[in-house]
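Structures given as structure tokens follow.
Two complexes come next, and they have one chain in common, subunit A, joined by subunit B in the first and subunit C in the second.
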Partner chain A sequence: MKNDKATRAPVSWKKGLIDALVNVPELTIVIFIVIVSVFIGMRSDAFFTKTNMLNISKQISVNGIMSIGMMLVIISKGVDLSIGSMLALICAVAGSCIQIGAPAWAVLLVALGLGALCGLLNGFLIVKLKVMPIIVTLGTMNIYRGIAYVYSGGKWTTNLPKAFLVMGNGLFPAVILAAMVVLFYIVIRHTTFGRHLYAVGSSEDSARLAGIRVDRTKKLIFTLSGALTGLAAMVFIGRTGAIQPSAGVGYEMDAIAAVVLGGVSFLGGKGSIIGTMLGAVLMGLLMNGMTLLKISANYQGLITGMIIVLALLLDTARTIYKERRRR
Partner chain B sequence: MADMLLQLIDISKQFPGVLALNKVRLDIREGEVLALVGENGAGKSTLIKVLTGALSGWTGQVLWKKKPLEVHHPWEAQQAGISTIYQELTLCPDISVAENVFLGREPRKKSGLIDWGRMNAMTAEVLAQLDVEVAPTVQVSSLTVATQQQIEIARALTMNAQLIVMDEPTSSLSDHEIKTLMKIVKELRAKGISILYISHKFDEIFQVSDRISVLRDGQYIGTLNTAEASMDKVLSMMVGRTVDIRFKERSCEIGDVIFSVEGLTRSGVFQDIRFDLRQGEILGISGLVGAGRTEIARAVFGIDRADSGKITVNGQMRPMPRSPKEALQLGIGFLPEDRKEEGLVLTMPLQSNITMTDLAKNRRNFVIRFQKERRLVKEYIEKLSIKTPSMEQLARNLSGGNQQKAVIAKWLASASRILIFDEPTRGVDVGSKAEIYSLMNELVEQGYSIIMISSELPEVMGMSDRIMVMHEGKIAGVFHKNQVTPEEIMRYATGVNS
Partner chain C sequence: MQKENKSGILSKYGYEIALLIFLGLWFVFMGVVSPNFLKLNNIVTVITRVSEIAIISVGMTVVVIAGGFDLSVGTIMTIVPVIIGICYGRGVNFALAIALALAAAMATGLLNGVLIAKMRFQPIIGTLATMTALRSIIYVITNGSPVSTFPKGYEKLAFGAVMGFPVPILIMIGVVLLFSWIMMATKFGRFVYAIGGNPKAASIAGINKDRVTIAVYMISALLSALAGIIFSSRLISASPDAGSNTAFDVVTAALLGGTSIVGGQGTVHGTIIGVMILNFIINGFNLLGINAYWQMIFMGCVLLAAVGYDARRRAGTLGFKRKINAQAKA
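On to the complex of A and B.
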């Protein structure tokens, strides 16, 4: 009967390294981050500067916050394809609140509330219709985007009051992201809700039989994901200084990429928030690096995709190796 | 006497913790129908899997027409001429009858493309042989279970099967459909095809078989000629052992009725179930697979909806619980048959599994108090002697017996006093079995009440205070343990007495 935790002190540093690589899923990502950073740093003097680091922190904030929500959803064996469209819708509604002169805290509340509502709608449909999350959120993805366009008449809004740019500048985005990371780390590790999340994702039948309200848990998960998207929307408005109905296209894919890079399994029941953050960091580094190295936009998608596949392959190899050793 | 078709010699198969087959022998002659009987767990399914190449790692010899046969893969068995019709039909519902019959062996034209014309024609021919009036192009999902089964037989015929193995073929058939199947079996025999017929149903076995072979506890007991056999003789061969001395006499007092069920009905599954449970009592529920025992338990525990029914807990009458959480709060616990899929979350540590129900019960348990949790879990690990290097050990790394103990710990931790055990020692090694039995004894001595669903007659006889026997969704009889013999239980379970 083998133990899943790392066992005694390694005989040689090589064995210790392999042990660590195999047992700590986040280590693969950290190594990737180190390699990518060193690579970019060597090619560009601008990389390891304070301004650039600040830029990176701002860049990963929106995706980072949304990734936390996506992580919750994927751990519970679901997926939410609608968060990018949700972002656009929330921005549009927030935009009109701003225009009628509402104060910043009120707009924030509206954003969080609307996000939660959209998320709850997702959860409700998934639970009641008993349809797979990927199908339901595919539908709501289009619906929310459509509403955003109709609501804003397809128009952009710029020249927002200074108060709203605060959340998107300086250290604010990073601080907000860090706060969310800490909050959800505590929720996942220290509350029953966190346990229920993993139980539902890993073995829904066992969870239900143990008395867990599976339907309620699922709805809550999607609601939280929506609320986090609302928060991300506020940071987004702060960063871009504009409201556009075409915002957030593809953001759900970026969130999924960050989550998957971070070691969360689509089969549910596994994953950590640290891993997800590292995944978001890696994606941010790649974006930043490619800009600094003046790599043509044509190549950016290709390179990002290849790095993602490579990271996943290594993770699969790690899992296979681990399984083999267990037998 | 007809020629020997298949001979199984000294077949043994060991699974971790249990010897499923112990030097089993079996002979089947050409053109005969051999019935194979035995209790749940006697080894019938395992033997079939060996015979059809679905299982590896067994020892012994298989002779086909007196020559040794390598049958370690399903296709090897098929090529030799052995076809199997499993209890769960293996047709693909979304394609046509002909496509299913020739799946993987579709007749081709010279160009390599499928010859639909020929395929449909050949299918129509074989269906006509079986008197099945279904067009070859019909989609399988639109057909009844009985017809689907006939199509599986058609498939076996097109594979030139000389031995067709039928595993509990009539479990989902109506009386009329059973008659048709009996007719088909006799016609197949007339054609020189042998049938290995596995069933619990004595009337069918006596109607259609030539000989009856009996397995018990993984061992071959003997074979009778059907013409000379009697139901009693077969029953005693299936069951014939004295109650195991493992079961200690319990001296605890049985108290008042604390739980009762009335009028529990779900159309097509179970009907008008009523029973009482007293404090400190073990009520054993016996019956064949499909009798509705687990279904009743699931209704009582709020997992599945019943059409009607009331329960009375601690004097209060109320409708059936609508969710497991409600049942939990009433003090009911349910240990499912499939502990891996339904009893534990295998990827989570032992610790989280044990406290799962307790935490789920109360909304006030929002924040987890780790120290309290660790203390509680440690207590239960000691109390139940769960062997594990640490409480963070993932549930899937525990042995079957320890996994079962973990499930028991989970329910004890939730303070449920009415426990429903569904097959408590299935897949559990002998040592842990004994421990689980003494655990159950201790529990009732402490005032817990247990409903035990079990297919193992010694277990039912040895552990229960009263025994309720179910047959096809109805209660066939309720007895005190001293009032009934194992043979009588089997009789009620197989509907002989109804």
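On to the complex of A and C.
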């Protein structure tokens, strides 16, 4: 404290770091990822191996694909609680298509189409009923899950043909996820739809006055979220090799966790796909680390819940810091 | 003069009267279709079993009127008897076990309230996080198996009767009357309506918004705990995966009973009518042999219909928004 010059330099350095952390939410999560990787790597030799990395990529893919859809919805100031049930419904219908011997591409089309349809129904109800998305999707969450049970009669389907297992094995899930990330990066950054998405999320009334067709944009957002869930369902079927109506319970939570971890704000109009993907990676690393360190699966929800709270606390801290600086 | 009064009652309680008429029609319909439905035994059984859900839904109504939402009620309802059972099984005094469990429930409510009021979390997301974490804690402490170490006579709470009335029904009536009174006739009740109806105006009027919000979540947690104790005494067992759909059922009932999802509107008695309608319909479905999955779909549709109706009702008073819509269309 005696030497003024020596103390002043670190203070400004600290301030710069805090500013960077506040303005670039992705930076926080990169730091978390490094810390978690180093921690797990020190405790377990199996972590930094090729097979394990491949495993993580598979684990991330389903949640990652669904997180992209959830990110779109949350940027538009909504939330979609129905995607877990939607996944189960799509799996059930895809399963019956597989059983009548439909080829893989046809099943993929059915999955994407059904997902888009479910998503469109969400969007349609939200726009027509003029109700918060969270409540509408809480309703459709139960409806889709109920239909999945009624449709499948509660039965499991196993012994799937090999053609379907390909989608969930090897590098395939990671490739699909990467393709979706690139696709939606372009869609969000370089299309009018992307601009409209942020506009609707920031202020619906302003967007409407600016001539954006808010209702149509919302319907499109939920349709895309549904279609992505359809794609995730195909990867899910390939990965698990079985179809059950209880699939996907709590998947909406994992997607929400990845999205909020990635710095997407529930206040709408803010967030990036890079952040979301980093969030999904961190979630995957944590789950993988729990398996490697032999922590019981019972703790999984506790960790997810704590991560969400932590991420949101960071988000609140960021907002408060910015508000104070503005003053 | 008398005429004015009559129309006043109709406009004030019109929605509740419509719901009661619907319930009456359902009774007539079920009475014709299934002779077992109208037996006193069936009706008393339904109301006794519903009392837990009704108690939770009173808490949820208070939360929703305050402009919030509590998804964690089902897990609080589950963790309370789990704690009681495990503590008692390990030789802890029964009263102390109950005190510990209630303290845990209060702590959860406090956490919900602080996260939402002080940390600016969205109510659904904040309680979704505590719900997920609590459920996981339940699995960790029970290791996934049901807890059944309860003292002898524990089941008397659910199966006992005072002057012919089952105890759960009496507790439910007590809770309903207490909270009807609190919401309609006390300062606190007025504050709850105020912060739900217009948070900014409430703050300016000098209401401590954060404190009321936290209190509201603690009330909800405490009522969920009470329901959990009754529930476990009925089964003399506490299963770790019970109550996974409770929050959804309860919110559906509250919204059906006329509580507005955006806050500031709703009544405890309306919610109770909602609870009764939903559960007598489900009881009817069971008697008719309609399976549980169809009931899930049905409940989802009721939720959507109730919020849709509520939105229409609100749209009628929101002239400003309509103006913007009209401008956008023009």
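A few remarks follow.
Operating definition for what follows: the second predicted complex is superposed on the first by the 306 of 327 C-alpha atoms of A that agree within 3 Å, B and C clash if a C-alpha of one lies under 4 Å from a C-alpha of the other, contacts with A are read in each partner's own complex, and residues count from 1 in each chain.
What we mean here is this: a residue touches a chain if its C-beta (ideal position, glycine included) is under 8 Å from a C-beta of that chain, and two chains touch if they have at least 3 such contacts.
The structure displayed is predicted, hence computed values, not measured ones.
Of the two partner chains placed by superposition, only subunit B is touched by A:K270; subunit C is not. Of the two partner chains, subunit B and subunit C are each touched by A:R208. In the superposed model, A:I100 makes contact with neither subunit B nor subunit C. Contacts of A:S296 after superposition: subunit C is touched, whereas subunit B is not reached.
When the two complexes are overlaid, the chain among subunit B and subunit C that reaches more residues of subunit A is C.
Legend: residue contacts after superposition of the two complexes on their common chain; A:H190 is shown touching subunit B, with no touch to subunit C.
In the superposed pair of complexes, A:M42 makes contact with neither subunit B nor subunit C.
Once both structures are placed on chain A, subunit A residues 205, 208-209 are touched by subunit B and, in the other complex, by subunit C. Per the touch definition, subunit A reaches subunit C in the complex via residues 79, 125, 128-132, 134-136, 138-143, 145-147, 149-150, 154, 205, 208-209, 250, 253, 256, 260, 266, 296, 298-306, 308-309, 312-313, 316, 319. Interface residues of subunit C facing subunit A in the complex, by the touch rule stated above, are 115, 119-122, 124-126, 128-137, 139-140, 143-144, 245, 248, 251, 261-262, 291, 293-297, 299-301, 303-304, 307-308, 310-311, 315, 324-325, 327-328. The touching residues of subunit A, counted against subunit B in their complex, run 1-5, 190-196, 198-199, 202-203, 205-213, 269-270. By the touch rule above, subunit B contacts subunit A in their complex via residues 301, 303, 323-325, 327-328, 334, 336, 341-348, 352, 356-357, 359-361, 365-368, 370, 389-390, 392-394, 397-399, 410, 414.
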